[in-house]
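Note that the chains are named A, B and C in the order they appear, and that numbering of residues resets to 1 at the start of each chain.
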Amino acid sequence: MLEQQLFNALSLGCVYALFALGFTLIFGVLGVVNLSQGAVFMLGAYAALTAINQLHAPLWAAIAFAFAFSGLVGLLIDRLLLKPLRKRDAPHLIPMIATIGLGLAMNSLVQGLFGAENQRFPSEVLPQDSLQIAGISVTVLELGIILVSFVLMTVLMLTLNRTQLGRALRAIAESPKAARLLGINVDGLFMLTSFVAAGLGGIAGVLIGLYSNALFPLMGQPMLHKGIAVIILGGMGDIRGAMLAGLFLGFAEVLSVAYIGSDMRDAVAFGLLFLVLLVRPKGLFGTVQERKV
Amino acid sequence: MSDLLKLTSVSRHFGGLKVLQDVSFAVKPGTISGLIGPNGAGKTTVFNLITGLLPPTTGDITLDGASLVGRKPHAITRSGVARTFQNIRIFKEMTLLENVIVGMHRHLDYGVPGLVFALPGYRAAEKRARDRARELLSWMKLDHKADDLADNLSYGAQRRLEIARALATEPRLLLLDEPVAGMNSTEKTELMREIVTIQGRGYTVFMIEHDMRFVMGLCERISVLNFGKIIAEGGPEQIRGDPQVIEAYLGREDDEVSVTPGDAR
Amino acid sequence: MIEFLDNFWSVYSNLVLSLGTNALLALSIYLTLSCGMLAMANAAFMGIGAYTSSILTMNYGWPFPLAIAAGMAAPALVAFIIGRPTLRLSGVYLAMATLAFGEVVRLCILRAEGLTGGALGLNGIPQLTQWWHVLLAVVLVLFLLARLRRSKIGRAFEAIKEDETAAGLMGIDVNGHKMLAFALGAAIAGLGGVLNAHLTFFIGPQEFGFDRGVEILTMTILGGINSLFGPVIGAAIITLLPELLRSFKDYRAVANGLILVLIVLFLPKGLWNPAWMRKVAGLAKRGAK
């Protein structure tokens, strides 16, 4: 039934949007395509799992823990890897290559530690109830995902558009040099952005882990690839575009699974990307932003 | 004598911003002409339109009567238009010689079999290219540094390298975007002579410049752009005395418009 | 002596030949990098070459040379199709798009079970690769790339890599050259795939995915992209490393990832760096005095 599908699509789309946001934030503010974001996403899910299994934490606490843990990893990545490369004024491809390597190393490490098989969140933790709203069956889980995503995205948009902090971040996105001259603590904000973006990725990881009830070391990879498709579709560096494109992809994916078949669900993103690029090289929503150094 | 380059009612809008409005002028073959105007008047945009980096919103640009509008940059170059850039875009990791040889790309007519098997056609073409590159470098007094990395050059030398490279494309029209920016007066005088020599070899030169002495000393015909519109056109004497031009430049720290036209000859 | 060599060969022949095919892969990425593009789809192109040629030899009994040709043409064709929209993108966008498309190819391989054996892969590929095939391939590719470098095409690549806009204004057809580098790189990767498949007699989709792509990239970056020998050396090191550090075989992927990070941080121009070597040689000479 169409409404049911649309609702499923909404929750999936929200998670995609959330992931894409983290990715876009790093690209917009730090000017770097951080391809280890997929691994960070996965780490969030595993961190939550560990919190629940080892520390017997309730779900909300596990999510918070995932945010903090992923955020910390993101922060370390910035300090130890991205900052030295920034100092060196390395061409854009270099940080990308380095984060590719890092992501791979992290994935493989987790595989070595946790094993390659699927793990799942213990069923006691998962909200099981569902409600009937306007004739659609809605699980509390899906509602929770949508709610959490919307709250986070709203907070982010408000911060970016209405606060001094947001203005500073937008200034850096335009030109870090100019921002520095204006007295903005660019380095500190790089740290903050890395932390928050990674944290958002980590939360997205937990949410997908709950949604699909499967955790595995390489779960970040399809997410990363879709994230790439989303942000190219949404116009690179465009926050609103990333969110919209994420939602759009969620819908496209669920609808294609319902009406075409589930084998190629992961390929839907790329098929779309291919088609869109043929017609509109700048993506669906965006103008490709040229970053002035 | 028909026009080499002709702009007819060219406009360029960026959304609501009208960068150029109804710009028309012509450049005659074999001449040195100039485009001047205060900062932000839209001069570099004119160059970008001519070389195909941007399309005009309205109007036409023709080279020898054939329209350039809608053609890709590399096709326009092949028609005979070459340019240098305001913020110098030489290939830093290549030597001077290699930089100039790149400019000859379209003139090296050998194919894959030629280059794979080092056939005589390939070898001859490469030798011709190297010789010609050295010749062009010598025009710009850079031949003694032919094998140095372009990155190691001084600012003024980099500008001259860019001109040599542009000449390598065998253009009919050479567009120079602020060729003497950042040079000292000795270098400027030297470049003036080199440009006259270039004109003497049959090239047409069209430049954007802020240095009035340079422009008045070299250009036979000058167009003045202000806020996207042409406000005056004519020989150096005319422009010097034009009240609108003086007003456009009033209060600026540019060099004074006080040099006798034809100084360079 | 002969006996030693014989023994050595029977034990290590696969390794040496893998080194050769890896060198081909590394050179294919080197080619695109020399044109300023980071094309992360080469592992997928390798896969296309491997599957195309294997299906032709296994199921249709095609002679090896024809299968090789097909295994090079197929990825080049796919590259041409993918290239049209994506090569318009620049820098990081291009890298990301090719990364994503590489994944699509892998998914398609998985999906087309009837043809490719799906997740189980293809087994029983005739072992047609001889040592001289690999040697010849590497030598020919090196020769071709060296000749390209010394020609207007190689110069055009370098110009595009430094400044696309300026290159275009030199009369260089930027999109055309990018497509050439991309498609030729795909063909070379396909060649590596063909030779590799007919060496190991088994191929599966997991071999041509992201891990593989990163491994190839590591080889190229490790060796350095300033000379043609860099990728070959990088390939040698990465191929031999798991053999030398037997205990770390399981952590191969981690090692590759870490090597990439460390190289980028500390040895950005790679190992085979003529400038660095000249410096070291200079120091050595002074020391000798």
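Note that in this section a residue touches a chain if its C-beta (ideal position, glycine included) is under 8 Å from a C-beta of that chain, and two chains touch if they have at least 3 such contacts.
Note that the coordinates shown come from a computational prediction; the quantities given were computed from them, not determined experimentally.
Peer 1: Common contacts of chain A and chain C?
Peer 2: Of all the chains present, none is in contact with both chain A and chain C.
Peer 1: Which chain's C-alpha centroid is most distant from that of chain B?
Peer 2: A
Peer 1: Of every pair of chains, which is linked by the largest number of C-beta contacts?
Peer 2: Highest contact count belongs to chains A-C.
Peer 1: Quick check on this structure: which chain has its C-alpha centroid closest to the centroid of all protein C-alpha atoms?
Peer 2: Chain closest to the assembly's C-alpha mean: C.
Peer 1: Calculate how many whole Å lie between the centre of chain A and the centre of chain C, each centre taken as the average of the chain's C-alpha atoms.
Peer 2: 31
Peer 1: Would you kindly tell me how far, in whole Å, the mean C-alpha position of chain C lies from that of chain B?
Peer 2: So the centroids are 42 Å from each other.
Peer 1: How far is the middle of chain A from the middle of chain B, if each middle is the mean of its Cα atoms, in Å?
Peer 2: The mean C-alpha positions of chain A and chain B differ by 47 Å.
Peer 1: In the complex formed with chain C, which residues of chain A make contact?
Peer 2: It is residues 33, 35, 81, 84-85, 88, 90, 92-98, 100-109, 112, 221-222, 225, 228-229, 232, 236, 263-264, 266-267, 269-271, 273-274, 277-278, 281, 288 of chain A that touch chain C.
Peer 1: Would you mind writing out the residues of chain B in touch with chain C in their complex?
Peer 2: Going through chain B, the ones touching chain C are 51, 53, 72-74, 77-78, 82-83, 85, 89-94, 98, 101-106, 108, 110, 112, 115-116, 118, 122, 126, 165, 169.
Peer 1: Using the touch definition up top, name the residues of chain C that touch chain A in the complex.
Peer 2: Per the stated touch rule, the residues are 38, 40, 82, 84-86, 88-89, 91-93, 95-97, 99-101, 103-104, 107-108, 111, 210-211, 214, 217-218, 221, 250-251, 253-254, 256-261, 264-265, 268.
Peer 1: Using the touch definition up top, name the residues of chain C that touch chain B in the complex.
Peer 2: Chain C reaches chain B through residues 143-144, 147-148, 150-153, 155-156, 158-159, 162-163, 165-174.
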